[in-house]
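Note that subunit A is present in both complexes that follow, paired respectively with subunit B and with subunit C.
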Partner chain A sequence: MRNEIAFYLVAAFTVAFAIAAMTLRDLVHCALCAAGAFAGLAMLYLQLDAEFVGFAQLLVYVGAIAVLILFAVLLTRGDEVRPGRAAPARSWWMGAGAAALVLAAIAAPILLSPSLEGGAPGAASAPVRRIGEELMTRYVLPLELVGVLLTGALLGAVVIAMREEPRTEDKAGGIPPRFTPTPGNPANPR
Partner chain B sequence: MKTLDQIFVLTQHWLTGLAPAALQPLVSMLLIIAALMAVFGTCFALTTILERKTLGRMQNRYGPNRVGPFGLLQPAADGIKMLTKEDIVPEAADKALHFLAPLALTAPVWLAFAVLPFGRNMSAIELDAGILFFFAIGSASELAVFMAGWSSQNKYSLLGAMRAIAQMISYEVPLVLASVPVLMAAGSLSLPEIVRAQSGYALGWIPRWNVLTPWGAAGFGVFLVAAAAESNRCPFDLPEGESELIAGFLTEYSGFKYALFFLGEYLGLFAVTGLGVTLFLGGWHAPATWLEWLPSWGWFGAKFSALIFLFIWMRATLPRLRLDQLLNFAWKFLVPLALIDLVAAAAWLKSGGWQFAWALETRWLLCATLLAPAYVCLGRHWRGGTPKPRRYHYAQ
Partner chain C sequence: MSAPLTHYLILSALLFCIGFAGAVGRRSAILVLIGIELMLNAANLNFIAFWRYGPHPEALTGVMFVLFSIAIAAAEAAVGLALVIATYRQRRTTRMDQLDTLKG
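Right after this comes the complex of A and B.
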């Protein structure tokens, strides 16, 4: 009973933040509410005795992904935020369709899985030690593959983001020609 | 001596026993929370006065000496001043976020104390993944700093917040990487378990603290630097650099909200210092057999205070870095060094079974040959020698 009350509280918290993330007008508020929803999900995991997943969710989603979203919002924000209610975009039905498809894709295997029959499973807590051992023995190849993929993505992002230095600068010894000091034309006219 | 060592645990059990049975779990938790808040609240007040006194000493001046004997009541005066100051909120500020930011910074930091073992049998909760919990809680402070900077609607605040986030994310990587070898050595993510793994003495007299192994020493260095940066301490305090950014994300905060930020920052420093003591300095273990009669929490407190003093000393000694130097230092020096330290720790642990004569010395030599050249090369050459003058892209 106590567990159920806790579950409904956490679920209400998560859903409220998720709804706020969709409906608020200010994109920064939306991003912060999304972080709140992530934290709510972490609480749900913790309630299910999945310590490692819960803390990893906090560390990765609240600590990193939310900050990434915020940076993306700040870097791409064009005009200032206009007050008023959020108007649904004209192509909202496409978004709704995509959301329904994703929901169906996730719900179908859960509903069809045999674990639903026979009531709730017993306490299936996975201690961190077991997760580590499984990752290092049985799932070591997928783990390595994910590592390589992420490293590749990181390097790719750096290559894309790297500023291309003009070639002339190197030849002129680090100083661009138009800033070369000449008599009567000081390098730094201020 | 046993009683003195466990005096807080026994008191807590006794007080819990006075409550009706139905309320006992609640009372037990509340007692621990109250004790933690009282101890570290006092610690905060004492550290502010000690810091100002020490800084004064090191800079050849008196420091605060007007309120009470030797100025010892200065924290109380500061607190009253902060509480009675007008709380100014900018007209253009995002009111809700501006209000929530100090709370969002301070509240999670308190949670971090829950997993630290302050003495024998003295941690509030024993989590299986305690250190993971610690870092997960710490990651919330980035969002709080962003909220503070953004909601103030002031360009200095936003710049300060951006700097702070860049710094915190960069230094979280070496902080976590430096703790990984310790987890490898202990074979556990639980902090009491890590302390237990550091008990006993090598050769009969050297305590088995992680800092007394080659990889532990290197890791402790990286950890200390990253910890100073994570808690925005000088020489890494440029998110608030008052000479260039007025006060960074704190610019638009006054009165008690400012005090809350201040409290949150110091508590963050305490929490990460406590973690450093637990991970590298043997937690609450005594440094020698003949000193074991002193209570375990006393040893934790002694190591903790020594580290806090080290941070104050660093603040008095080192000048502030520039932002590009700061980020380069994290990514080009600390992160590679922490990774090499990981390899050295693996070599140390793998060679733990060696039985021949001079085995310990050989292991030391092995780890030192991995670490010392890396330290020299990273510091001298790969970082590009002495820092070049900065090239400005837009201001020239």
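Right after this comes the complex of A and C.
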């Protein structure tokens, strides 16, 4: 019973933060509420006896991704919704309607399925030692691939977000102009 | 006794739909990314719930899947936010309805 009450409390916490993250006006508030929703999910993982995943979620999502989102929000300041506009946009209502349809489509099978009924969980645990052993034996190739992916993503993110320098060839006029100029255009020396 | 499996699945569906509504309905590119992250997290919750209530929790399959999924989500968020910042630098906006250069 006690666990159940804890589940409903954490579930309400998570859903409330998620709704706030998607509906609030100020992007900074949205980012902070998203961090709260991620923390709620980490608590749910802890309740489900997946301690390592819970702490990984806390470290990666609340620690890294939320901060990354906050930085992105602060770096792209200045194009917020003007405070005068009160009515939500039409696309918001369309999105909410589509989401309600999706929710009905997912929830109906869950509630109607007989195979999901009951099913008290047995004693299960994911000790960190077992996870480490599995990662080093059975899942070693995916682990290496994830390492490569993370390195590539890091380099890619830096390259994409890097400030573009003006190209030297353009300044020197070394490359031909992209469009054929009009005959009377004196800007083109050739 | 903890809550039954269906409650976890319903919670996951709720989170997925909240993220979906945000990703489809909001105008800011950063909020769309947050919505996508929420959808991904809802899927992760499903994996953990099915692992915990499944017949073979000792196999650790759900846990492993979620660990890799979290790592890939981190990469996705980094590249996505870098794209948002690059777009902002070029166009001075992150609003999706103003990024319509490719619109026919």
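Note that in this section the second predicted complex is superposed on the first by the 118 of 190 C-alpha atoms of A that agree within 3 Å, B and C clash if a C-alpha of one lies under 4 Å from a C-alpha of the other, contacts with A are read in each partner's own complex, and residues count from 1 in each chain.
The criterion applied here is as follows: contacts are C-beta pairs under 8 Å (C-beta built on N, C-alpha and C of every residue); 3 or more make two chains touch, one makes a residue touch a chain.
These numbers come from a predicted model, not from an experiment.
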First, second, both or neither for A:Ala161, with subunit B first and subunit C second: second
Subunit A: partner with more touched residues, subunit B or subunit C: C
Partner chain in contact with A:Leu149 - subunit B first, subunit C second, else both or neither: second
Which of subunit B and subunit C A:Arg129 touches, first, second, both or neither: first
First (subunit B), second (subunit C), both or neither touched by A:Phe52: both
Subunit B versus subunit C as contact partner of A:Val28, first or second or both or neither: first
Which of subunit B and subunit C A:Val62 touches, first, second, both or neither: first
Those residues of subunit A which subunit B touches in one complex and subunit C touches in the other: 52, 56, 64, 71
Residue ranges of subunit B in contact with subunit A within the complex: 94, 97, 127-129, 132-133, 135-140, 142-143, 146-147, 150, 165, 169, 172, 188-189, 391, 396
Residues of subunit A defined as touching subunit B within the complex: 26, 28-29, 32, 35, 39, 42, 51-52, 55-56, 58-59, 62-64, 66-67, 70-71, 74, 127-129, 174, 179, 188
In the complex, subunit C residues that touch subunit A: 1-11, 13-28, 30-31, 33-35, 37-38, 41, 44-45, 48-49, 51-53, 57-58, 60, 63-64, 66-68, 70-79, 81-86, 88-89, 92-95, 97
Interfacial residue positions of subunit A with respect to subunit C in the complex: 1, 3-4, 7-8, 11, 14-15, 18-19, 21-22, 27, 30-31, 34, 37-38, 41, 44-45, 47-50, 52-53, 56-57, 60-61, 64-65, 68-69, 71-73, 75-76, 78-79, 81, 89, 91-96, 98-100, 102-103, 106-107, 110-111, 116-122, 124, 126, 130-131, 134-135, 139, 142, 146, 149-150, 152-154, 156-158, 160-161, 163-164
